[in-house]
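Contents: one structure, followed by commentary.
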Amino acid sequence: MSQPSPDTLQLTGSGRLRNFLTIDALPRSILEEILDTAASFVDVGDRSIKKVPLLRGKTVINLFFEPSTRTRTTFELAAKRLSADVLNMDIARSSTSKGETLMDMLRNLEAMSADMFVVRHGDSGAVDYIARHATPEVAIINAGDGRHAHPTQAMLDMYTIRHYKGGFAGLKVAIVGDILHSRVARSEIHALNILGAEEVRVVAPRTLLPADIDSLGAKVFTRLEDGLRDADVVIALRLQKERMSAALLPSESEFFRLYGLTNERLAVAHPDAIVMHPGPINRGVEIASEVADGPRAVILHQVTFGIAVRMAVMSLCMSGRETEREAAHAAAR
Amino acid sequence: MSQPSPDTLQLTGSGRLRNFLTIDALPRSILEEILDTAASFVDVGDRSIKKVPLLRGKTVINLFFEPSTRTRTTFELAAKRLSADVLNMDIARSSTSKGETLMDMLRNLEAMSADMFVVRHGDSGAVDYIARHATPEVAIINAGDGRHAHPTQAMLDMYTIRHYKGGFAGLKVAIVGDILHSRVARSEIHALNILGAEEVRVVAPRTLLPADIDSLGAKVFTRLEDGLRDADVVIALRLQKERMSAALLPSESEFFRLYGLTNERLAVAHPDAIVMHPGPINRGVEIASEVADGPRAVILHQVTFGIAVRMAVMSLCMSGRETEREAAHAAAR
Amino acid sequence: MSQPSPDTLQLTGSGRLRNFLTIDALPRSILEEILDTAASFVDVGDRSIKKVPLLRGKTVINLFFEPSTRTRTTFELAAKRLSADVLNMDIARSSTSKGETLMDMLRNLEAMSADMFVVRHGDSGAVDYIARHATPEVAIINAGDGRHAHPTQAMLDMYTIRHYKGGFAGLKVAIVGDILHSRVARSEIHALNILGAEEVRVVAPRTLLPADIDSLGAKVFTRLEDGLRDADVVIALRLQKERMSAALLPSESEFFRLYGLTNERLAVAHPDAIVMHPGPINRGVEIASEVADGPRAVILHQVTFGIAVRMAVMSLCMSGRETEREAAHAAAR
């Protein structure tokens, strides 16, 4: 199996996770470790006491430069179920406007002995930049940056696929919709390729495909029927209305007519195909209600698995760093 | 005593509390259980460590579709004193505007393994609707919906009355002010009748009385002096300025002249009458400062009891569900 | 040493801390106790589990009448590391606009069995007023009021100075910048004088000096070079742009030219002089980047020490009150 080159920003010297920024350079073993660790957390949500003490006494700061109540909630819940102390900072509303630079703000938060920043940012690459300049003491988790990556969303999707399909070998996965503006799609294509899916497809009008799509490792389809044929997994993307300039798309109803998922269109997919969506869904735009509420849809299970996957990523970054520190101490003696 | 018909939305098969939505269909035994349970929590606020572990590891989500810092604070405090993890979602500011339906949003939060939603909503009946459509796994507490109900406020008022008067038999209770817009008044009238108060009075100008007032089980007075005569308990309502169209009332000072509580007017009440108010008070509108700060007023004790009553409602809903689940498991074996 | 007259608002009968409002009337022994207690908390931030159980089961309410994400965050973190339950109330956005008076709102929060209010207010003296009228059950911590005081900031600065200089005897400390609008400067001048610094200097243009500067116990310099000469500690103040009317100052670049800290200007200070700043810094206005990022700067250490100092103030107020209550109980027996 070909391993990507070592990624010192995301991995410790001994190859354990230390930050979680993007999926593309991570080895398959790390992705599998995240999925296996998440599996051990899924039942925490079913317990009477939904808490494990793994991050007790740790300080997790949710740094949201772009507001997202839903994503913030999932990370807050994951951190609390790991027994961490959580602080929410809504930066758009806070004092960054007071003339302070981003790096000065981060240095300040680091100086408060924070252990982890969960960062959401509107600019592609902003979380990477933060990780490159942050103190080594603080773990950085990417909660979505611009059009670049949304790696925890991709990993919860991988968890869902593995849960329902048993693995990735031989799978045909179709990602349908606004690929151009979707950080989720980019992260998913990387993850599916690393985990060994047979065929990763993107299905979209040319105007909603990124220029570099051919280098991403996905097969391009512009007709929905072609893209769905024999697919084992269908992932509908949210139509990011707020990000699209009007010119790219005639209208929502036109989109639904051409790319919206209906039972009729899904008839060409594999009979056991599952339908996924990162949420929140636009009913009647990218997905018909009959599909969203039908037996193929596993959308709400994605949400449940999402808490467990975020708990896994958080705890793996912390334990990777712990091991690294212990090794450094041992070497110093 | 006539028992209302069984209420499967609020009660388990064995008659324990599972949701707390409205007082009108609840049996007297449940209301008394809430009051008795609250009594056991009142002293938690006096302890050095103000916490009991009853909801440890449970996830409580405050879903506020209508902003109310004060009510949200009392529920957040009650949940934390029960050791729950609390998430605040201010929906007005969040992503419901992104085109997601209410039910899709709820399904998502349910999928995060939430245990309880505390819901405040501007529309009458909205909390009922949510309880009807929510998964059975999640307990729903009504924190005020439109003009319909505010049952925890009513129960803390019942607690206060029982604390000062020893019980309800033989009591004359006068509710004074804007009955029309008050969810508190409706819930109080139900609670007082179920608990066996001798006479429930409402005192208001005709324009501030609801059309169905005769069917609610209260005696109507339009002159304050008549309504207060021999009353053991006087409950002033907040004048909901923001809800009143100008036409209903000449002016605030006119309201105070006719319905504002003063020591002089309270002279016709029972010498030991207590004066209550749900807060926040409008001094010089529905209540004079001499009354609000005087010996009859028990307004701040209502606040203290309110934390205990909310702890009681939350813990009873959780234990009712626990018992229900255990019974279901036992039956399945 | 002359002791200030006993301060019953801040001290218990036996001279222990009960509120923390302003530094000017406190005895040196209390300031030293705060610094010593903070020293015991500094290493909590380095531990794997950053928590001590001193305020377990206590309710701390952050009452911010003036928004300040940064200061609120430091107090929230300090309270959580002491294991307290924390509620944030952003009063500007909350229901005080509903016609409720400040005192009614406070009485309500007190009635919820709160143990501590951390108060930030835009008006000088507002926190003092609150402490004078609050129930004796609640400890009040001043998190900054108008131009009056910011005592926890001053104490973290004292901690930083003692950490780097070993003590205060013989020290020359220069406070540079907008003295007029700075609550930090007033609190620092008091603290430095009480702790026995040799010389406290303020360095500012006449237009940014308060009228009562001569009575505060600081030596006034209007030329930066004179004020920095032989200084052991240099504290740059933030230029409070949002508080200054345009007339007081020609421009930011003019301010930097005359009062901005550069390496060249600091050459006249003591070779081991440290440079401090309460943050957030305005690079190129009150401080050059070469200084802020250089070896003299201890600005981020101030932040780290700030958490420990706030933990110290919070826990001392709570234990002072505990002792007071026990003494009262013993006397009542």
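Per-chain numbering from 1; labels A, B and C assigned in written order.
Rule of thumb we're sticking to: a contact is a pair of C-beta atoms (placed from the backbone, for glycine too) under 8 Å apart; a residue touches a chain by one contact, two chains touch by 3 or more.
If you want to know which protein each chain is, UniProt gives these names: A, B, C = Aspartate carbamoyltransferase.
In this text, all values refer to a predicted model and were calculated from it rather than measured experimentally.
Although chain A and chain C share one sequence, what matters here is the overlap of their interface residues, and that overlap falls short of half of the numbers used. In the Cα superposition of chain A onto chain B, the rotation angle, rounded to steps of 5, is 120 degrees.
One inter-chain figure worth recording: chain A and chain C are separated by 41 Å, centre to centre, where each centre is the mean of the chain's CA atoms. Residue numbers of chain A whose C-beta contacts span two or more other chains: none are found.
Contact residues of chain A toward chain C in the complex are 56-59, 85, 87, 89, 93-95, 98-101, 104-105, 107-113, 115, 322. By the touch rule above, chain C contacts chain A in their complex via residues 45-51, 68-70, 73-74, 76-77, 80-81, 241-242, 279-283, 285, 300-301, 303-304, 306-307.
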